[in-house]
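Each structure below appears as structure tokens.
Each of the next two complexes has subunit A plus one more chain, namely subunit B in the first and subunit C in the second.
And then the complex of A and B:
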């Protein structure tokens, strides 16, 4: 399976390189013959952008016999990577000075960067998720978080009833209530770490000496709940990243398609011919 | 806090594909029905209580947990009615976000297209400074796109239509370029390769195929044998030039139009160099590959000495002999000075550079003046016996036939049919002493000529320059302008002419209130002051005493004859031309001022050494200024080494400026390649070559086949560095080609 994956990757990468080399040779030949290349590379670019955008539309019409989504994804990835080369040929890597062209350049660069980040995340995050806890459906994470919070609350309340002391309850309300009640912040969303969990567990460890027996048992339960909540947050953050980068990528794609269309229209109309 | 529902999947109805999800899902209490498609909560009860034995019973299904603990209300309604505020699903939120982005982009584009700053915002980049200063509006924001882009006059609909249909009524971009650039480039040739007609390009091709420097024919054999000069053919043999792989393809390409924008890329910023053309652009047609100047470029052959200098100045003899005799230092920069821009080495004027030595010789040559009109000695007795009466003729000019008519006079007599017929009988080179009194035909011709002379003097005496103009126009078969005719007789007074006319006839009365001399004086003369005219009553001659140098009358006569087409077919005119341009002729004009045959069967006299003002742009450019900065090049001789062994006396023997012996050693490519590398002074094609040329002379492109021994085409015109420019002022003798 792994071998077949690498074989496919090498084959597709090779084909991409060959295609780019052919385009480069074609462009060079045209340049040497004083033939226009900006329009031609522009047509390739706009065709590539439209093709890349079609992938999103393809996913909305799964009933049409247009090939598997997996195949489309492969094409999407390699055409997207190839478009970087064509973009380089088209612009010569010159940062434009016009307002509209600068916007177009920035749109393409942003879309491409978001795509590259997405590619990286889709290739790395599933492995990270598989290593952490059970499989969790993204949509159920709020409900699970709520349930964990309820369980933690119940555990603490039961310990108070059983021991008649509020040491654990005070610690819970001061340190752990927010942890269970809320999802993690933006910083954790972008770069999840275990520091909060470690900090909480360490504090709970220190608290143990002041707890009564019933509270100590409840604390054990809270230990487990903290671990599960942290894993749930990790799932939420990582799966959220996988979901929300598409917001940016697709949003930019549509803006890019529109701007590129206007650019192509103007380039054709203003080309001037001879 | 109520206990959340179980999180097992079986107990929840997930709707990730639906636009709305239950608002209670986050709490684990999502209802089974879920929101409506419009996102409204149906507010459904978990069961429909049934009345049984007078009591309402909960009938919630076992799948939902069975009958609830609370049970129905006393009114029989379900006590567990779920009501929520539905929330958008993740997919719906994404769709909304994407739609917002698209609408924002569309709106931005609409604003962009409808705003009055559309042109400023849409232009792809700032214009180059040269264009910006013309096209940018005063506010510095709006650009007049329509000046270069026909589409700028259309709206968006027009742009869309242009995708499928070309509007031929709109000018092309290159045509718009020519609205401003037509002064420097001919409109009809603007899209041609090098702005040259196809015929000229073909001539270039043939010129290239026959391109063997004429100097190869005339390289001084002594110098060659001495080993100090290599024959140009030898130079060429070193040139690593092979025929282009496909010349025919290159010239086929030349027929294709090239848009201005193919090379000149705009909108790359104010400081972008519009004329910076990559070498690849040149090699689109010139397909012989040049990796670098030092490695592949052919040697220069004889460049820049591709023709003799317009002024016949022998550097070797001046340096080795004349300056030595005068005990003066031979310093190049005394004569070749830079102009006000410091860029171009110019030759000083005659008065500054030459007069101190040459005025004396010229003055000697014009000592007796030039006979322009004279009366021959007529044999009145013989004529009388032959039945001819020549009328009034001075007694002192009567006797045996004798005398020689000046060529000027013969030329003017040719303008009279009777005179032309007489000269035709006597021959172009006749002299009166050759007239045989016993030959009736010659006698008749002599009598006729005598009458024609009387008529000539009377005509000129009465009408002055106008008569000269008409007669010369008739004799030379070309139009002689009024100004030219005035210059030909500049300073010749009416009194002088009338007096001459009275030698052979009655006093001339004229109605003209203004004497011809005054009329002529009004004519602006391009040269120095005129000489003086005198009437010799002893020899019955009107003589012209030229000024020492640059005499306007002599130069006008020489120019008139040189510019007459097919002069060789007019023996009288040719004889006069030869008389005025021989090395011992009065004024010694042709001693220094070379005469060249042009393509139009005319000749031109090089009155000036170089004229950078008038020079036309050629294929090769060179400017001294940046080179003279280098200490090692500060000495002119470091490049322009005088060839002492060359004997240049034959260089001006004929009228082909390419048949010459250079008095400088050839400049080798190696000298230039020391600095002109890719990493140093640059070795792009553009460093030395122009693309847009203004003119190509026929003699540049149609090299004469001077010898069958010469090898066939191996060099290109451009490779040889042949200057294609003004025929009078081509780069020779170290003059600068203007770098525009």
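And then the complex of A and C:
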């Protein structure tokens, strides 16, 4: 069934607001009646954390009719966002004290932040990937990179054989060999830019005046290869980010589930009748 | 110096004959009905009757109980009984008997058991699973015939419990399915020892062209059995009174365009320039020409295009049940004498059309049908409004093809023939995070073997992934010697029965979309199964089965977290459009 994403967003956001308002009203009512709320909001919180973690389990059993992954993700997003409000009510808007509570707070905050970053990336990066270069499978990128490097090497070697000069080859070994041989660095991984490509293309453009005819033809091929390699690096970096953030998010989630369970156990065991 | 040219004999039609027919066989055929009554002089020297019999037919001998054709198989040949008798089952036989085991829906327990039952190695089959008898079917390997054959073990029992009709010497069957590439409507089996002449469709087509008696026979069968029902399915003719419909039935002409074996050279076609591709498509109606009738698509696909610059722009594609030429006919009915086709209609691959001549449409159909309703469908609103003629969408308005897709996407879909798919996998690259959850889900539900590749041609943000599309015209089913690949008559998916598949690769070679993969199978220990005789690995054909039997429906779609993947019927353009415009 085809649904409009905007309608879904508005509906789910509205439902989340209503749910949060109800929880807030309930908490306020209990507080006014001098009834404790820490345990109750804690139960909601831990239920939310377990529910959020359950999504990863759902992904492991695609053969069970437990609802579509897309529906689960919607619940995951909105329960996750709603948990921020419940967390605030649970902590009473106070900074945590003690090592354990601070660690728990840090775990929750980092899990939440990684989730929010993930949400942003999963909504923005696919469009960037669709607009840049050909579609490539992440696992094939190293092989494609090697093939491109081989093509670049061959082009340069052929130009040396055809022209008898090494101007282009010298430039290639000094400035381009590394570009073709290696993936890009961490900085590019986090924030890819076209500056390296632009700089290389500008240098190659400048070099043209010193090249013989065969070298110039080889240089044209290298122009195309530089562009393709840059697009490949872009795909590698962006697809890599989409894959690796999930490892971080899931790792943090497991740690949070453990810490929150321990916190819940301790609070129940040593609650002192609150 | 290397040679620039190498002379070789030009490949000829019968270089690869259908069978091994000897001169004696052909002489024998020329003496018996119906060939003895055919005037060989009506055949041109390049296409002699003798050549057709030698190259396009084969004599096949069947043992008692052998299945000759099965209900649901895709036909590509007709049969003439030379000796013995065959039985046509008048009831549907059990899929198990036909070598097509039904895949029951899994229970929760079976679904959960996949967690620990899935193999760690690819393409594992337990030894008991690879014997054909594992699914109840019996397969006979006849060294003389070369091809394996599914047979029924207890023929008397089957005949006593199933209604059948007997066909004897001189009778023909299977010609309609062969000429229209439609599924066989009944199962036919050999009652005792029987000898049949199998005529492949190319030969049958040429025999029909040159022999009025055979053509009349086939057309009469179609007129009697199917044409009336087909016309009634058309909205325009649904309410037409009986006598007028009889006139339409009698006047309807059968026309075929394109190459029946379009899939054979599809790869080469696809590499051509777009303009060349369109130019090579046989023209059914040319823009600017005077309309001669109304075209109803019987099978296959056609492209509706309009001149644009130096090329042709696709406006829509139409398939089975759709109509072309309605707006022009309506304009003629309204008294506009100066009407011309506003668009061209071209065959994509192969198309069968029914043509109702213009005078019949104007005199018998329009005065007696609810024309106003038709015109509403054509989006004209007003009977007098001649804009319908100028509005290209009105041409395809009967049916559900009014195409709200942009022309470049239509061009892309038509050029790649993706319109063939009923469960095409579309991926929205603007939403796909390349997480491969779809591939993992597919693998998990298929014993850790993914049945599609998340790659394929793209157009803007749409990727058509390399997954079986469960085609309207499943050419993969043509020629399967054991009928292992078949369409599920209830749900429409094309499935391969792993037990019956003999690994001949016919289906994989025929699939124009490379959606079928031949795999080497192994036992749980990891040992590859090899053929005792040839020492070569045993192969099985594998492809997407649309998760038949799973509790979830297609796992790929259910596993996509971002609503980026959908399985969609390309015949329902409005669904594609709605999906893209979410």
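One rule holds for everything that comes next: the second predicted complex is superposed on the first by the 270 of 274 C-alpha atoms of A that agree within 3 Å, B and C clash if a C-alpha of one lies under 4 Å from a C-alpha of the other, contacts with A are read in each partner's own complex, and residues count from 1 in each chain.
Definition applied: a contact is a pair of C-beta atoms (placed from the backbone, for glycine too) under 8 Å apart; a residue touches a chain by one contact, two chains touch by 3 or more.
All of these numbers come straight from a predicted model, not from anything done at the bench.
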Please work out whether A:138 is in contact with subunit B alone, subunit C alone, both, or neither, and reply first, second, both or neither. both
Who wins on subunit A residues touched, subunit B or subunit C? B
Check the residue A:200 against both partner chains and state whether it touches subunit B (first), subunit C (second), both, or neither. neither
Answer with first, second, both or neither: which of subunit B and subunit C does A:44 touch in the superposed model? neither
Given the touch rule stated above, what does A:219 touch, subunit B (first), subunit C (second), both, or neither? neither
Could you tell me if A:243 is touching subunit B, subunit C, both of them or neither one (first, second, both, neither)? both
Looking at A:20, would you say it contacts subunit B, subunit C, both, or neither? Reply first, second, both or neither. neither
With both complexes superposed on chain A, which partner does A:268 reach: first (subunit B), second (subunit C), both or neither? first
Check whether A:258 is in contact with subunit B, with subunit C, with both or with neither, and answer first, second, both or neither. first
Overlapping contact positions on subunit A, where the subunit C interface meets the subunit B interface: 137-138, 243, 246
Touch list for subunit C against partner subunit A, complex: 106, 108, 111-112, 114-115, 429-435, 437, 440-441, 444-445, 454-455, 458, 460-461, 463, 550-552, 555, 557-564, 575, 578-579, 582
State the interface residues of subunit A toward subunit B in the complex, per the touch definition above. 31-36, 94, 96-101, 137-140, 142-144, 146-147, 149-150, 153, 243, 246-247, 250-252, 254-255, 258-259, 262, 265-266, 268-274
In their shared complex, at which residues does subunit A touch subunit C? 2-5, 59-65, 68-70, 72-73, 122, 125-127, 129-130, 135, 137-138, 239, 242-243, 246
Spell out the residues on subunit B that touch subunit A in their complex, using ranges where they run on. 1, 3-5, 7, 9, 12, 14, 16, 21, 25-28, 30, 89-90, 93-94, 97-98, 100-102, 104-106, 109, 112-113, 120-126, 145, 148-152, 154, 156, 158-160, 162-163, 166, 172-174, 176, 191, 253, 257-259, 261-263, 267-269, 280-281, 283-285
